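As structure tokens, here come the structures.
You will see chain A twice below: alongside chain B first, and alongside chain C after that.
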Partner chain A sequence: MEPIIHVKDLNHVYPNGTHALRGVSLTVYPGEFVAIIGQNGSGKTTFVKHLNGLLRATSGEVWVDGLNINEHTVSEMARHVGYCFQNPDHQIFCDSVEKEVAYGPKNLGLSDTQIEGRIQESLKAVGLRDLRKVHPRDLSKGQRQRVAVASVLSMHPAVLNIDEPTTGQDYQDGIDMLNLIDRLNQAGHTILFITHDMPMVARYARRVVVFREGEILLDGSTREVFREIEKLRSTFLIPPQITMLAYQHRDFYPETILSTAEMVDQTLMHLNRHLRKPW
Partner chain B sequence: MLEYISRNSLIHSLHPLTKLAWALVVMILSLVFNSPWYLAAIIISVVLVGFIAKVGRETLVYLSALIVVAAFVFIFQILFRPEGIVLFTIFPISWPVVGGWLPVTDVGLSYGFAMSLRMIALVSVLPVILTTTQPRDIVMALVDTLHVPYDYAFMFTTALRFMPVILSEVNTISQAQRSRAYAVEGWNPIRKLQALGPIALPIVFIAIEKADRLGLCMELRGYGSKYRTYLRMLKLGNLDWVVFLLFIIVIILSILAAINGYGRIQLVGM
Partner chain C sequence: MSEIVNVENLTFQYKRGLQPALKGISFSVNEGEFIGVTGPAGAGKTTLLSCLNGIIPHYYSGNLHGNVIVDGITIAQSDFRHLANHIGTVFEDPDFQMVSISVEEEVAFGPENLGIPSEEIEARIQTSLEKTRISHLRDRAISTLSGGQKQRVAISAVLSMLPKVLLLDDPTSELDPIGTHEVFSAIKELNTQIGMTIIIVSQDIERLVENADRIFLLSGGELVLSGTPRQVCMQNEILERVGGRTPQVAEFAISLFSSLGRSLTEKQLPLNVADASILIQELFDEVEVG
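Showing the complex of A and B:
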């Protein structure tokens, strides 16, 4: 399969001299669900902003959806890569939800009937169909974030970059948001999301990329990455409590555990084996 | 943009009021004299002070940016001042109809020189003062010594302080919109105006929200309670008084000189 994102030896130096990315290489295949984690200032956002050309590589190559980013403007890339910013208020400017969602497709030059179709399917995907005439300022923060996602979704990007989708939201809004992202992933979008929320990473991501000081420290399946407790600790990342609990009793739980359900399964399995009693 | 540069110099250690007084002195001198030589000397003295303050390079960069504006002043003066001996005309006399229009005269030339140099001299102190004085110290001087109400002084510094914040927000908003295929193309002014919406509306909303929160935070920390004390009090030092004395002497001497005709050129029609 052709990779959808192919980044080779990417370096980025900001005008003030900060060397934000140091030789980052990453390949992502269509349909992957990738969490990007790391401390603030480790280069996560800088990296993701290269995928639609918001930032230009100081050196290195970036290919997305078969296109060399350097040969295209940000607005040309918009139909290939969607980018949801952390704060929806940085993009919402229309006086109704439907106009906000229609803005991207209009920029792409779609016809009115096509735009209407995009509005309906995007609002359906984020669960805001009943609120299409509402003024976005009258919505809750979680709902506004959904509007932001819908307004990116309506451009049909193959790749969706989502910057900290759960920050500043309550638990339920966070879960809802990630369920939405999960559904989009199942519908075929390649997902990259930046987050500090380790339980959400354990629960949803299928691949995890860890950034430290502008380099990729770890890259692998969620289970492989959360196994590297010491390396994660070196950049002040701590896996979910249940994973740590299992790690502290690794004689008993040799495998990395990502959820309470897995912990229960493993425990029952051990008890069955050691007590030779059907549980 | 001109921002405070932390360096260790004599000028940095002066009281902000002394520096404001210096601005006033330079202003008076550049209005008293109109000879290009004297005005050039004033500019050179300001640049020298800049070098003493270790911001010479920044001062020169700023002044060289001003040369463009000065050039405009110069061109306008020589074009629209018909008094004096005609040196040549922009449209040669031999041309039909327009021949002899827009004469350039000796008075126009020297006037142009004087006015553009005066313009540079008037604002030349700005880079030196702004790079050597912290905005909060300027406010302190205004409030404490000149008794400007604190609210106004606070507004002044807050506006300065929020400029970079707002600029970075504008940058983020523009990135968010460009990610949605926002692009301003062509030279059509109506389209350009329409294109402002996606940037301007979010920034207005965010700025109002920020101002609201700032106001709340200030009140929560006792802004506007009756008695206000200051952590850093600025005192006029001995050096400041010496400099003030120097200023007074310079002003008296230069006014006397100007009355006796030094540093002033006679211009017809003045």
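Showing the complex of A and C:
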């Protein structure tokens, strides 16, 4: 399979001299679900902004969906890569949900019928069909975030980059948002999401990339990365409680544990195996 | 222990609200307590803080019933300008709160406006910065600070008014893990070292359970649960019903014991990884002996 994202030796130096990315290389295949974690200032957002041309490489190569980013504008790339900002209010600017979602397709020069089709399917995907006439101002933050996702989806991008989808939301809204992203992933979109929420990473991501000081510190399956407790600690990241608990008893739990359900199952298995009479 | 906050049968409906944001809430808080307030979006958490610091009814009008007393002052009948000497508030987004260019100016801002003599202001700046461990940032421009540093500047700026009660409205939701750790340690230290009364709204149940003396769970404008972290976590079904959760280790222990057909006492309920680790070891030891 051809990679959908191919970044080679990417460096980015901001005008103030900050060397934000130092030789980052990453290959992502279609359909992957990748969490990008690390402290603020570690290069996560700088990195994903290179994938649609919002930032340009100081040196190195960036290929997305078969296109060399340097040869294309941000608006050309919007058909291939969607970027949802951390704060939906930095992104939303129209006075109704449907106008916001129609904005991109209109700029592509699609016909009215095609645009209507895109509005309907995008709002259906994020569960906002009933609110298409509403002013985004009158929606909750969780709903505004869905509008932001819909307005990106309406461009039919192969890749979705979502910056901190659960920040500032309560637990249930966070879960709902990740479930939505998960459905989009199953529908074929490649997902990259930036987050500080380790339980959400454990629950949803299949692959984790850890940034530290402008470099990739770790890159692997979620189970592999959450096994590297010491390396994660070096950048002040701690896996979820249940993963840490299992790790402390790793003689009994040889595999990385990612959820309480897994932990309960493994513990029961272990107790039953060592009992003469099962509980 | 003396009571510093007393809320009696508090109901409030915003002018344009369709229903009350708070419904018949009553509780009291003793001096030096650390209270964690949690609950889903729209539960009334921020409204409750606004009733404690006087933003309601002094800035937001609406239909207010019941009584709120903080540090001996009846909030609704008080002079809003003087409340900052009794109760300080730190908001979610530090940038929203800052009015100055430098850290020093920000921390001096409150006392300066009260016309306090400059030697006294200097002493307050020093103490406030020390208490949040940011004395080394005194001359820095706020715009150059990290989120965790900014939030500690916001706390210092409130401390310089010498309040008795510190309110914090989800102060770490915009921060990275380092910033979250910095802010929670600073708050905990204020609580344990100088006995500052803390009331903090947060979605971070693990941190609340670790730090708070009591947890209040709000949902739909009502106080649906209150008690020690253990008491609240034992009610995991109620927490989950309103869209919240218990710390993973507590959820694990409750689920494991129920699968084993055993009862789990409140004292056995683990609230952190170390507690849970001991519990597991005990179970495994039991199996080897049996």
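Definition applied: the second predicted complex is superposed on the first by the 275 of 279 C-alpha atoms of A that agree within 3 Å, B and C clash if a C-alpha of one lies under 4 Å from a C-alpha of the other, contacts with A are read in each partner's own complex, and residues count from 1 in each chain.
We adopt the following convention: contacts are C-beta pairs under 8 Å (C-beta built on N, C-alpha and C of every residue); 3 or more make two chains touch, one makes a residue touch a chain.
Keep in mind that this is a model prediction, so the values were computed, not measured.
Touch criterion met: A:Gln91 reaches chain B, while chain C stays clear of it. Touch criterion met: A:Gln241 reaches chain C, while chain B stays clear of it.
Once the two complexes are laid over each other on the shared chain, residue contacts for A:Val152 go to chain B alone; chain C is not touched. In the superposed model, A:Gly142 lies in contact with chain C only, and not with chain B. By the document's definition of touching, neither partner reaches A:Ser59: not chain B, not chain C. Contact with neither chain B nor chain C is seen for A:Thr27 once the two complexes are overlaid on the shared chain. The contact surfaces that chain B and chain C form on chain A in the two complexes do not overlap at any residue.
Partner chain C is touched in their complex by these residues of chain A: 39-41, 140-142, 167-173, 196, 199, 236-238, 240-242, 244-245, 248-249, 252, 260-261, 263-264, 267-268, 270-271, 274-276, 279. The touching residues of chain B, when paired with chain A in their complex, are 169, 172-173, 175-183, 197-198, 201-202, 205-206, 209. Of all residues in chain A, those touching chain B in their complex are 49, 52, 54, 73-76, 78-79, 81-83, 85, 87, 89-93, 103-104, 107-108, 137, 151-152, 155. Partner chain A is touched in their complex by these residues of chain C: 39-42, 92, 146-147, 170, 173-181, 203, 206, 243-245, 247-249, 251-252, 255-256, 259-261, 272-273, 276-277, 280-281, 283-284, 287-288, 290.
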